[in-house]
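Please find the structures below.
Presented sequentially are two complexes of subunit A, the first with subunit B as partner and the second with subunit C.
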Partner chain A sequence: MAITDLELHSFVRLPTIADVLQTLADRHAASQKTVVLAGGTDWVVEQEMAPPHKPGAELPMVVDISRLSDLQTIHLNGNLLTIGAAATYLQLRRHPHIGMGDKRAALLARMAQDLGALQIQARGTLGGNLATGSPAADGVAALMAYDASVVLQSVRGERTVPITEFQTGYKKSVRAPDEIITQFQISLPTHYNWYWRKVGTRRAQAISKVALAGVAVVESGQIQRIGLGMASVAPVTAALRNTRSYLCSAPLHKLTGAELDAAVNSDCSPIDDVRSTRQYRAHCARVVVREFARSLGAPV
Partner chain B sequence: MSQGPSQHLPTVGKSVPRADGTPKVIGTARYVDDLPAMPGELHGATVRSPVPRGILKSIRFDPNFDWSDITIVTAEDVPLNTVALIAEDQPVLAARHINHAYEPIVLLACADKRRVLLAKNAVSLDIEALPTVLDVHESLKNTHTVWGTDNIQKRYLITKGRADTEDSVSAIDAVLAECEVRVSGSYSSHHQEQLYIEPQGVVAWWDESGVHATGSLQCPFYVHKAFLKTFGEQPSRIHITQAVTGGGFGGKEEYPSIIALHAALLSKKSGKPVRMIYDRKEDIEATTKRHPAFCEIETGCDKDGKLRAIKMRVLMDGGAYLTLTPVVLSRGALHASGAYEWEHARIEALALATNTPPNGAFRGFGAPQTIWAIERHIDKVAAVLGMDPLELKRKNILKLGSVTATGQVLHTSVAGVECLEKARAVSEYDRRRKAYSEKQGRIARGIGAAVFMHGAGFTGSGERYLKGKAAVDLLPGGRLRIRTASTDIGQGTETVFRQIVSDAAQVPLSDVDFAVPCTTHVPDSGPTVASRTVMVVGSIVEAAAREVGDRVRKEQQASGGTFAEAADRLLAREGEVTSLLQYSPPSYIQWDDQHYRGDAYPCFAWACFIAEVEVDRETFEVTVTNFWSATDVGRAINPTQCRGQIEGGALQAIGWALFEELVWDKGIIKNPRMTNYIVPTALDAPPFHTVLVEEPFSFGPGGGAKGIGELPMDGGAPAVAAAVEHALGIPMDDLPLTPERLFARSASGAQT
Partner chain C sequence: MNLTLTINGTVHHVEASPTARLLDVLRGPLGLTGSKEGCGEGECGACTVLLDGDPVNACLVLVGQCEGRSILTVEGLAHGQTLSPLQQAFVGHGGAQCGICTPGMLISAHAYEKSTKSLVTLRESIAGNICRCTGYQRIVDSITQAEHEDRVQTFGTVGS
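Our next item is the complex of A and B:
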């Protein structure tokens, strides 16, 4: 293990987002590597598993953005929920519009409650977990269900990318090396049904075998708007596009389990690994989607 | 200070706080890796085999790497290259033959912790791979001989009744043929990793007084014995000390000898202290685990459920070297017929070698594997008979006067029926069993029970050979000090011993000290294993304390003053006041090691565990919703700690049943990390409803305490499996019961 190498890195905390962006830009221009740390619940674990650092080789500089308060704010303006990229899962659980109070975005709090355990929830962030790109990230599945927008910033300016277009492959994304994720924007429906189900290895400190986040607006017996995000069934968080289309394609009472299963199958490509099997994951993917559809009134 | 017996408030039976509790909670306890660095100290590391079997052709040290500050040890540097235990088949470092993945080959040390890791990567091994044997069935075929002449590491045969004859197979088959109902089945159980919180670690150094090792370990005298053999030093020049130890569960019984030898070899060669601390991955990969077992059982009984005969074969996977396998197999065989009386029995147990890391001691020591099999089998018999399984168990359970498979007549401290009835009542088993047998929805409920006993102390004449010793010293001011090699590894030995001594000598608890177990300063009490610490060593400590207390009080009566004053006078006059005693087992114990017959254990602890589960019939996730138990411990010295042992052991068994699974690929472990070797968390623990039953054992300390350490590991898995079977209606004969396996066994899985 190379956890001993941690002390070799230079760690910096900078006072403002502007300073962070300038540093990233300068280092990128000089072909120097930089790691942006926003909690460390993925990156530190990856270091522990990495081979020992060879003397002389360049180590990335670590820029910790987890203490930048501008990146931690969460606010609701009308129906627009804005979540700072470095807001922790514990903040989500305790926020008056998410886990407490009017619970307008209760799905996020419910997801956060199942994530890791309290210690991880206090450190881990939505932005960090999206940036590191694990397809098992529960938080990313939840953002996908809300069809969140990802706001990226660099010295070159700001841009907004739909969450479904952010990941481009296993641990790959559209984020440029000089960019950081600053916030997520979620347009909350006034009334909606939500669903969260994590099939994990145990009740805490579990990495999902399958997790489904769902958001649906149902009117007159038909789904008008649906958002889905599924963890651990594909190289990236699965948006389940075919499943979404199928669920919106007809009144709920006309949906069938067999067709729904077929749509889910076409959206997933799970694998065998030490945590679970391809067959079990595919089965659970179908089970949880059916459960969500049933909760909306579909006879599946 | 206590004036005499009249003022002593008994502590035995009271849940006094743990002596080691505060320092562990506030973080001042010093585990081995917390010990301050010694001057010049080096960090040690181990280069291990990447393949499960082969011939080591050469070791190459990268010429581009700077080796100037690296100490290198290979097999050539080992004075006598064997790890002293039962056999001498395991080398300290592999010289030529490699028999399992992760076998140690080269040791490295460097002052710079990072450089030693880089050095590891600069060593390459040229190994000619050989065909491997990776499970007991392959091993039994002996297509490839990987141990001895036939791969068989040990065999035991236990016979009773008509099977007790030369041709025991024909005899038991004949008895079975006569039985009204015959049931057969096979039951398998898997590896389990101890996963103590603190990985293995040691610091070793040499000086003018000899060789020293301080580490996380259960049995300092095992390490002493290993050093004696490998280094050929005088016993008095070997000093092994236990550091504060963060859990062991058997995993720190025999393995610490190896890591300590490695550190001492590096220290000898470098002339500097060497610290070796395994990380989690290395610990899971290289150290011992629970023996997987495959059991075949055939039984015969009457239509009314009266059990008559059992024929059983146990195959245990010993791994690449013998280590403690014969003893594990022995305990497995002696518990194989369960808590039931059989007129006729034939139990054959074999340990087979495989090219996997040696399996070793783990809480329960072979018994959980065979109790898993027999309990599942009795449930199957009940299903065949159409009887309630607990009723069938009640009908056949061993009672006072019953005779076990080895011919042991149970004449004292037998509480199987009482445990069964108490657990049955407190769990409302009968009502729940009936209710959950009705048609179920998506969330299916089930309830199941396991009834079992566990022999306390060493098997047969073990204690007689061992001659365990312990001492109690008188200190100035009337304080007492316990000197024993029994280690507190988190299970509470120190606290319980202090309670026993406090009552026996009639001194306040706060006046009793517990000496750090160091082979130079404490007598050899025998190892900290086999549920023997309280029952066996505790009784020596009790007798020694009584003796010292009596001497002080005699002085007090003769010349007056307080207990403390009398103690000081005695010390001034005699210099040293100590009682060093040796264990003498109950005289009735008769054991025939040749024929495996007689009193297998001085007594047994008894229990009935009942698990209630909910199973999601779509995802196959199992939740243990309630866990009831009634456990006969003889006498609970410290009821809270006693409950802690029972509930912790039960949870460890639940983990074995539902979560834990080592994933192997051609002899390599694919999940050697806490993130993917899944043990239950506090949130996975069910509500425990724990009833303590006290059926005293007259030779136990504190008024009759028996061993409790291992027993709770025995019954959790079969109770949970019975409950899952009840909920799903699918046979649960093979561990583990992970959702993936339940899914594969279910109809929906079969269709996929």
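Our next item is the complex of A and C:
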């Protein structure tokens, strides 16, 4: 699609979430396609790269949700952090419980700092990152490390899905066409260690070759709870289930590098593409998991 | 569709598709050609403008998303024929070479001075702006000098 084709889409900005949900329901019932647009940092690029628009074919209507303040609210209630799906990365970095102040969810701000550059951070959102479905999504890796819950809404009601069950395949998810992601809920541990490492071509504006987000609660020399999310090593963001199990299976001092590597290998299926190779990605995946485990006290 | 945008402090009414890119509306009907198109995919930062004070890539924002909001382009930095201290510093320190990245660099540097300094380092503030003349050091020097002059103007003296 050429840039001029972009202008052929119809466009609405609706005042409330309820209006958005009703519009999605009505259009879905009429078999009409709709694009729910937040920051647009992926979607606009995709339109420019798509093949030319066929004359007469119906283009999806764009529903702008980038300015719905109800979708941008971030608040902490006890240990429960709720983040509106359309909150931008810059809002995360500026928030008193995330990038500033008590930094209870500092991992999210650290991830946001490495995502694109300020221009992308000012537009991009966690909800968009998840809905777009890229396996390279840094924000989704961080949400997975926190074992976040995804809240979906439609006119049919609200449901909550664990983030590890949201993606069902490459760019596929459990989200129904009449649903939108409204918020993420994170139950923050009182005390925890976190880890973020992004391997990219350069510090800014890089799409991850591999990125690892980690959250761990360590007590009496053993990991009691661990959350991991890894980008760019599988068709969907990798939850590294075997690696999680292994890391919690024994006191830290009994963990071995060889067994940890084997667990990581079993959790990843990286590919060769324009940004990196299968071999390098597999190597980086093992190295970053070892680095996180080492920071927790494992002799690996 | 008739859209209302506040650009460089002035309210504009413009006839455009709401799904046109902000960059095309700025450069086309509004005639503000200072913002450049480099990559057209949010990588190079040549089209950087401020949207309600924060830097964005005008090539990735639909103009309909900007209705009623405030936009600052490079044309809004100077006061008439007088360059802003930041622009003067770019002239004085050779911060511009071929000039294509300059409007975006100036806007990112302006955002750093006005709002993002508490969040990022100077170099991080321009990390989303690519200069292919490899002039980053002179650009950093220019922004540093402008900061210094700003402090001189504010406090009368520096370092004493």
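General observations
The definition used in the following text is that the second predicted complex is superposed on the first by the 299 of 300 C-alpha atoms of A that agree within 3 Å, B and C clash if a C-alpha of one lies under 4 Å from a C-alpha of the other, contacts with A are read in each partner's own complex, and residues count from 1 in each chain.
Rule of thumb we're sticking to: contacts are C-beta pairs under 8 Å (C-beta built on N, C-alpha and C of every residue); 3 or more make two chains touch, one makes a residue touch a chain.
Note that the structure is predicted; figures quoted are calculated from it, not measured.
Contacts of A:Cys284 after superposition on the shared chain: subunit B is touched, whereas subunit C is not.
By the touch criterion defined above, A:His53 reaches subunit B but does not reach subunit C.
Of the two partner chains placed around the shared chain by superposition, subunit B and subunit C are both touched by A:Ala117.
Using the contact criterion defined above for the overlaid structures, shared-chain residue A:Ala204 touches subunit B and also reaches subunit C. By the document's definition of touching, of the two partners only subunit C reaches A:Leu90; subunit B does not.
In the superposed model, A:His9 makes contact with subunit C only, not with subunit B.
Applying the stated contact rule after C-alpha superposition, one finds that A:Ser276 touches subunit B and leaves subunit C untouched. After overlaying the two complexes on the shared chain, residue contacts for A:Arg67 are found with subunit C alone; subunit B is out of touch. In the superposition on chain A, the residues of subunit A contacted by subunit B and by subunit C overlap at 8, 45, 117, 203-205. Residues of subunit C that touch subunit A in their complex: 1, 16-21, 24, 40-43, 45, 48, 51, 54-57, 59-62, 64-65, 67, 108, 111, 116, 119-120, 124-125, 127-130. For subunit B in complex with subunit A, the residues that touch the partner chain are 113-114, 117-118, 121, 279, 281, 618-619, 621, 659, 663, 670-671, 675-676, 678, 680-684, 739-740, 743-744, 748-749, 752.
Here subunit A touches subunit C in the complex through residues 3, 6-11, 13, 37, 39-41, 44-45, 48-49, 62, 64, 66-67, 90, 93-94, 99, 113, 116-120, 122-123, 203-205, going by the rule given at the top.
Considering their complex, residues 1-2, 4-5, 8, 45, 51-55, 117, 199, 201-207, 274-277, 279-280, 282-284, 287-288, 291 of subunit A touch subunit B.
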